Amino acid sequence: MFPKNTWYVACTPDEIADKPLGRQICGEKIVFYRGPEGKVAALEDFCPHRGAPLSLGFVRDGNLVCGYHGLEMGCDGKTVAMPGQRVRGFPCIRQYPVEERYGFIWVWTGDAEKADPALIHHLEWADNPEWAYGGGLYHINCDYRLMIDNLMDLTHETYVHANSIGQPEIDEASPTTKVEGDTVVTSRHMENIMAPPFWRMALRGNNLADDVPVDRWQICRFTPPSHVLIEVGVAHAGKGGYEADPKYKASSIVVDFITPETETSIWYFWGMARNFRPEDEALTATIREGQGKIFSEDLEMLERQQQNLLAYPERQLLKLNIDAGGVQSRRILERLIESERSAAAPLNMIATA
Amino acid sequence: MFPKNTWYVACTPDEIADKPLGRQICGEKIVFYRGPEGKVAALEDFCPHRGAPLSLGFVRDGNLVCGYHGLEMGCDGKTVAMPGQRVRGFPCIRQYPVEERYGFIWVWTGDAEKADPALIHHLEWADNPEWAYGGGLYHINCDYRLMIDNLMDLTHETYVHANSIGQPEIDEASPTTKVEGDTVVTSRHMENIMAPPFWRMALRGNNLADDVPVDRWQICRFTPPSHVLIEVGVAHAGKGGYEADPKYKASSIVVDFITPETETSIWYFWGMARNFRPEDEALTATIREGQGKIFSEDLEMLERQQQNLLAYPERQLLKLNIDAGGVQSRRILERLIESERSAAAPLNMIATA
Amino acid sequence: MFPKNTWYVACTPDEIADKPLGRQICGEKIVFYRGPEGKVAALEDFCPHRGAPLSLGFVRDGNLVCGYHGLEMGCDGKTVAMPGQRVRGFPCIRQYPVEERYGFIWVWTGDAEKADPALIHHLEWADNPEWAYGGGLYHINCDYRLMIDNLMDLTHETYVHANSIGQPEIDEASPTTKVEGDTVVTSRHMENIMAPPFWRMALRGNNLADDVPVDRWQICRFTPPSHVLIEVGVAHAGKGGYEADPKYKASSIVVDFITPETETSIWYFWGMARNFRPEDEALTATIREGQGKIFSEDLEMLERQQQNLLAYPERQLLKLNIDAGGVQSRRILERLIESERSAAAPLNMIATA
């Protein structure tokens, strides 16, 4: 149950730098590679000859060569050549719309005719030299919506990440959730508190005192299909908080792209974009390492939660104010999925008539 | 297919000493922990907020705090508090009757109203300073009844434990099986034989000659739901055997508590209680290590036997005289299970009427 | 879907040298061991007493002793003895026709009355001192027919084994496929080419120049149920190729016995028989090591191909000229399977009438 007429992050460029990458997305087995002129291509990972996965092959002259018997596949899903064969009548395989933008490879697993690159989530900071980005990828055995819930309710930081970004004051500050079209925004502001360890580090990284009270904010933005970007930061207390002059604050954007693999597993692309010391690659590496460690703390909780929900499918979960972000995000998803279904229905009715 | 209105061993105190323990018993996911005043508590391992396993949380002031978003659960299954929330209307989770006794934590997964602590299997030796106990825990992928069969027919010692407690004389001594109410007793006496390695060690531990003939006995007692306690020992031959004066014998009680996890897996609590040199902790450790090694020899056999039975479900197994202990134990279990089922039936009929 | 009235390679003698071997073949769990006078025996791996796998036992005086409670099984599937028991009424277990020949143990999982040892695939080289054989065993999670396809279409060498036996000239030489009764022969001849690394090694091993053009051949012979023997070799170019005088060539027979374990897994016995320097055991070891490495390159491809076919069961695969060997082999198999089915049908009809 996920929207398909939408762009998902499929992988990062380094994952297809040396050889094709086979990855299941939204239940579909897909091979990603660089085709003619290095442009990224995405095809069904299934050789029409004998069903071998094309991702075990290699790229030659822009074509994907099957590693079993040498069938050469074009990036349009049509066989280009095969040693000793006439390939004109070979069946095509499915081609997936795919785009490279903002340092990610984006794929569209739904109706190809609707795949407009302009619909790719705009990332203002991605092409801006005043910003730096570092991130990573985790595979997690849970429904993608459990990860959306997780990120839209940061009270979990107090418990899951107690030693890094969590602090009791998060619990004490009630969040507000607003729905703006297909966007859900859950905000929380904490005033005049002491910063937790991660933010003390960030304050020092900005040459700011880390032993004075701060105002802290978390502004989580969900947009379909499953992107959660979170503005986070601290400012020395009383300087305006989120609106404070940059010289008083340390802030960044937590980036979360959640791509369903199956109904109960995801590819989780996490990272952080920051607009301070963007040229400092050592800092980028340090932050990535720290964030990777913190975000890995969620894995066991999410996988065990998923197992519990599978074991007790009839249970109703609570929908508290802190859950409003996740609940509203799920409503938007349900609407989009239903909309795709009803758009597809007439075609099916004709097909089966 | 296991009785549920009965006490099973769930865990040992050391398993909940530092943090909550999540363990599946009779198909139910349960969290065990020490609640108010250190008293053991058992609840469904399912947070009513978002379904996270409570066993990933921690105990604070006697309440179990969910490690995901901080819901505080009381040992009665009612939510006590949650940061920023009114919890009065929160749904309860199931509380399981649980008792700590004889060095074990006992749980009742059936009808709570029938859970009388007086029904806990009485262990005479457990609170007696003249006795010492050492034991361990194995997880085995087999039906709990296969382990009962195993322990009620010790002829397997000759084959599975040929190098420690097994000896051909076991095979040669025919066992007798008696049913006394819900108890099954299978006894075997071997006279004027040489002791096998384990018992030579025990004789030496009792300052007795180990190179002279002995009389050996094994008295296996099954009691529901799945406890098998076995009196075992050797006495210098001709001194009265099982009835011999303690100065001529080495004896102990093999303790087996078999707790179903699922229909085809168990938590197997094994150990040995002895009434000689009870203060000798080094001896306790030595015996535990030796017994653990011997009992681990059963694991592959039981798991492979289970696989065979699943592959050939229609096969009828033999019921020989040596199997009488297991066969009679299964009859008692069937009667108890049927009795629980028919007691529950009227309620179901009302519910579905 | 495999023929059952046929001889499959079950194991090699070294696998039953020390103790019984449990192995699933054509979906049946079988124990292989050496019975009276060291003659190989094969029985259901299921003790009639309590269902333990007999393969966990041991052989004593030609009988298979169950490692659980000591039941002694004869090689005819009838219980011989059991300590303290009368065994006359014990149910029999199934005995499988089994033969030791040519350095392999062969088993027949179908109708025992039809099991004629004369039907065992004749291996001319196996008992000939002018030949040497070395080989190994891989377990692969794929349908046995995918491995037949693999071996009957050696164009895959160019891709899967690019660094050892593969070369583009294989692709360029069109194969011819002939069906002779139940045998399928796919041949390929390449003239005046440079030998790939493996064959350069073999030329040097025959004291032949490895830096001159050669003629190369591959003659793949499928015979039911799933044996593929491949005559392979190179001769200095222009000396007659396959027909060249032995002093100009290096040649051998690639031996492949593919035994179904289940519908989607196999025991793959691979090896090489050669008629040069047969006494050179170091060379045998070197070739075996090299071949084992090369043949292991197929594993991932076959297992991933199998996963793809299971994920897309409705897909039709192509049947090109290079696939003719596999396609014709499958036709013979279908005919044999259908023939077994229709022969069995009347019996079933009587049984259910």
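Things worth noting here:
Letters A, B and C name the chains as they come in the text, with residue numbers starting at 1 for each one.
What we mean here is this: a residue touches a chain if its C-beta (ideal position, glycine included) is under 8 Å from a C-beta of that chain, and two chains touch if they have at least 3 such contacts.
Chain identities (UniProt): A, B, C = (2Fe-2S)-binding protein.
Since the structure is predicted, the reported quantities are computational estimates derived from the model, not experimental observations.
Chain-to-chain contact here is organised exhaustively, every possible pair of chains being in touch.
Of all residue numbers seen at the chain B-chain C contact, under half occur in both copies; the interface is built from largely non-matching residues. Rotation angle, chain A onto chain B, C-alpha superposition: 120 degrees, expressed as a multiple of 5. Averaged C-alpha coordinates put the centre of chain B at 47 Å from the centre of chain C. In chain C, there is no position where the chain touches two or more neighbouring chains simultaneously.
Contacts from chain C toward chain A in the complex involve residues 149, 153, 155-156, 158-160, 168, 171-172, 174, 300-301, 304-305, 307-309, 311-312, 315-318, 320-323. Taken together, the chain C residues at the contact with chain B in this complex read 29, 45-46, 48-53, 56-57, 65-70, 82-85, 90-91.
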